[in-house]
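Shared between the two complexes below is chain A, which pairs with chain B and chain C, respectively.
Now for the complex of A and B:
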């Protein structure tokens, strides 16, 4: 059977054999289009993430005097940091803050969210805003505010404590090494409780009413409803809040730095990022600061992985 | 208009383009406008205000344009540090706060990005006309990198009305021990019987800080010696620690930690504290903070550590450095000399700032003999100037800030020990603690390979020339 060759078939055959310049341009454009969409992302990632990461790695193996002068010292920066009592102090302070965040701040946030989620008061919106509001003003403002509140004898905080307990009028929150971190935790509570409460509130509002009602009908008490219905529903959000809070806690810097006008007596308010800042921008030793940065990354990564593993969120999602 | 990625990205894109155009246009305008011949950055607004008339005259006389920038101290330091190291634009002249020179001199001496002023200072005879010891704060490894703006002698300011009411004769408070005795026996009292004292002899920070340091200097101690080695682990520091501790802590304390600014002002206004450490720069500040105390305040020299000993110390300081990138070093030097070492100008400026110049001849200006109504008509300029020759020297060091922090750490530990164990073994613990922090600082200093003699092997990087 003979084949009939239409003009279109002939033309397409010719095109297939030898594409025109326009077709080649079209093909090329089609091929690179996805990459051109991705290019801005890759550029930003390279300039602001990969290059600094690579450069920080190189720096961490050098002794520096500002960015201008450096000399290779191998692992000396890491060895110095790991043996430095100031780093140990910073690690302890940061861990103390992180633990307080998890054990005081988050339960308080969750409790407030439960309270605001339970009633039908018209003041709910007002309280939600009032509790969240401190977060709008930022760490520096809160730190300055608490510097005044914690002033011995004249500070509002000390005066209230004195009225309630008869003690504490001259309590030196910011100059007594034993009270510095508790003071930072108190200031942070005011700042972050409302912020985390919003996450919990959103999660609680998404708990299925049908499931709750079904549980009530099945005879579950308040605890049973909470444990079997509410808790599983808010677990993914709770995990998110725990991980983000832990990461935030390990990045703590501005609040104690402004509150204490530095790192506090005996470095009692020194955090890991404060230690990094001090090395980089006060001592001009970028190499040691880069080593601290890497250690901080490892710490945060490890803790986050442990938390995600323990909460079982990944398994549930998978 | 049909934008393929939706309206929101289009709006963001348009906003970004408009913002970019505005920023670019502004930058172009700045570039095309007349450029100043010198840019001068300072962190003290009062200094800038005082310089304005002088600079205006200087501009007329030299047909040049000088721009003054006031930048917050920490911002100025960190931006300058980063910009100097990478060769970015920096001011031609910059005022530095005491203890911050070291931040710029941690590397090899040839990498310090300020003009070495040593030869100029010697050639112009400045070294003979200025209180020489004051250059110590601005010298590193024998090189002078900044000019001293001030001397900052310290006296005690006090509530004259209350002190007189209590029958305290300040002329008899000639030693710190006598001061403490009077403070304990006469001044520090619980007036309303609630168990908390309502009046203290003096305001002193409980953690030591600058007060401890100035007392150490008055005692003849130093943080660093001329060779740049740690020098504070000696008997003088132990003595100062033990004396200070007794005044700020325990049953016999005479000091209240009123802090700074409005808190200190309030505590003086309320009569909670009778005395406070008052370097020259603090007189003006306090007058502005508490105008209600006009005529009720007075100044007296610091009590000495021993009868006949030094009656002052020093607290703070500013220095003027010329950056290596300066467009016209000769012009900058001339302006610096005019601002800092013009006798008449220093006399006029004392009226405005009440800061004592390190230029000796300036102390003979009439403004130094003017009675000050705030301080009970005392001639405070003359009082400070009379003490000026006794101002102790202090050496600059790249690790000054660290040494100060370590010393505070040692004091905090000694305080804790005292709270837990009282006087038992306190001296031995204090000696041990001071030695520990000194050794720790030495260890960190020893890590700095750039401060060692051979600096030739370092890899050079960055834009700085």
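Now for the complex of A and C:
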């Protein structure tokens, strides 16, 4: 039985027999190459992620006033935050925003994606661009734009609502506590409806055309096709969008902060991150801010897990 | 009844008529009507912004969009807002022109984009194309770290930046995000498709490992790179929270922070900061039009399996 030696085998045999200094250096260099490629990540992650994460934990058990001055207080920061009526307000506002995003924004995004999905390619690009456009400018610029659109009597939004319904011309969106959060929801709707639509559109493009046609031939109506063919294909992406959009909603800050130039009358536009920001950078209390950060993480993780779990059980039913 | 209500009513009544004549016509009509309506609603604020930026401050509130034809004159539509915007203004740190903020934003966004493109693609390449001890652990750690919201790190990072003496320096904004787990993961997914034979061929020809990464692997993931650059550029261009905290000197501020200041300063003359907003959305718009295709595929690459 003759053995044919491949060049690699010959080479490794030579290396094994006589590990010269050059070969050893070569082996060492080869072994550390992937780590050196990852070196920037290790450094940045250690200094600006792992260490701060540990530090946030330590901070959350301390009372601080500005950088450098602190005293251990145990769980007092958490107790203070959980009992603070401002935090309750922030929690309520943020939850209101998240629920509105889920119930208004995502169905609209999906509807637009359905409308767009079967269009001709060239016009499709145009409509996709038009609906996606607000995302290019981000939360701050959208907030700046909407401070003007919501102006009583002269703002574009008030004028159009007035023309359509006969009411609302003098509506004080940004100074009436009852209407502050709805105003934020409207601005966010305009901003994010196109963003989520892109995801649904990508999912819809993965729906098999053959399967749709087969369902039509078998006599399924539009509803039947949607429920039995489109829905199962879109469910994974829909779960992803729901989770990502909830996580994003719970971190809402810049849009209301710029739109209201602060937190709104009677804190009516205060969000959880806004509460964190005001504690950390307006009161200089980094300890309380770190505690709020951990509470927010807990909320986000819980909600994401529940959503992923729910979508899993729904899939099993269908 | 006014004109707008009548138009909407007509659009709504045509649908059942079409639908009764032929189902298919009805649905096609509804689709187009819905799309056109949505496109109008989405673009209207931009049209309004464009008109407001060119209107004179005396007629700013008088017309919804541009003045009527018979009142169209240099007194109602002119460049005054832009002239006021770009004139150098006295601030605590001397005269600063709007161009300065524009240049700051451009510099910061491009530098961040370039640095994180290099670092993230390097990390992604290592995780995609090398088998080494601990790579599963690193990947798992990265995915876990994505679940921690960034704001948790805000307070401790403020102290760290302060201790490092990086307050009021651009590196406070560039370095912390220079090698994000999100970016490395995106590049890893794209680089997995680079054929191992190609890399092996490069090695046999005597390329250094870095040259294989740069000249053989990276050209193959150009679409992903385009998408990543656009996402990073937009995020930094629109970023407000971090610059607002870490930058202090007026002449170092970026556009979102300055335009937020202008809301208070130009409350009575808001055409000026709307002109500023219009100028500020030009660079992202140009970049998006250039990279639209890559952007959409990159955006959805994490969520949709092909």
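As a convention for this text, the second predicted complex is superposed on the first by the 268 of 318 C-alpha atoms of A that agree within 3 Å, B and C clash if a C-alpha of one lies under 4 Å from a C-alpha of the other, contacts with A are read in each partner's own complex, and residues count from 1 in each chain.
Following the convention adopted for this analysis, a residue touches a chain if its C-beta (ideal position, glycine included) is under 8 Å from a C-beta of that chain, and two chains touch if they have at least 3 such contacts.
This is a predicted model, so every value here is computed, not measured.
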| item | value |
| --- | --- |
| Clash or fit, chain B versus chain C on superposed chain A | clash |
| Partner chain(s) touched by A:182 [first = chain B, second = chain C, both, neither] | neither |
| When both partners are placed on the shared chain, which of chain B and chain C touches more of chain A | C |
| Touching partner for A:283 - first (chain B), second (chain C), both, neither | first |
| Partner chain in contact with A:107 - chain B first, chain C second, else both or neither | neither |
| Partner chain(s) touched by A:80 [first = chain B, second = chain C, both, neither] | first |
| Which superposed partner A:224 touches (first chain B, second chain C, both, neither) | neither |
| Touching partner for A:202 - first (chain B), second (chain C), both, neither | second |
| Chain B versus chain C as contact partner of A:232, first or second or both or neither | neither |
| First (chain B), second (chain C), both or neither touched by A:294 | second |
| First (chain B), second (chain C), both or neither touched by A:154 | both |
| Colliding stretch - chain C into chain B, listed as 171-179, 225-233 or 261-269 | 261-269 |
| Shared contact residues on chain A - chain B and chain C | 67-68, 153-154, 281 |
| Chain A-touching residues of chain C, taken from the complex the two chains share | 2, 4-5, 8, 31, 34-35, 38-39, 41-46, 48-49, 52, 61, 64, 119, 122-123, 125-127, 130, 132, 135, 138, 145, 147-160, 162-163, 175-179, 181, 184, 209, 213, 234, 237-241, 245, 256, 259-260, 263-264, 270, 273-274, 277, 280-281, 284-285, 288, 292, 296, 299-300, 303-306 |
| Residues of chain A defined as touching chain B within the complex | 62-63, 65-73, 76, 80, 85, 151-154, 169-170, 172, 175-178, 263, 265-268, 281-285 |
| Residue ranges of chain B in contact with chain A within the complex | 78, 81-82, 84-86, 103-104, 106-108, 111, 196, 205-207, 256-257, 259, 263, 266-267, 272, 401-402, 405, 408-409, 412-413, 416, 440, 447-450, 457-464 |
| Of all residues in chain A, those that touch chain C in their complex | 29-31, 33-35, 37-38, 40-41, 43-45, 47-49, 51-53, 55-56, 59, 67-68, 111-112, 115-116, 118-119, 125-131, 133-141, 144-149, 153-154, 156, 159-160, 163-164, 190, 193-194, 198-199, 202-203, 206, 237, 240-241, 247, 250-251, 253-254, 258, 261, 273, 276-277, 280-281, 286, 289-290, 293-294, 296-297, 300-301, 304 |
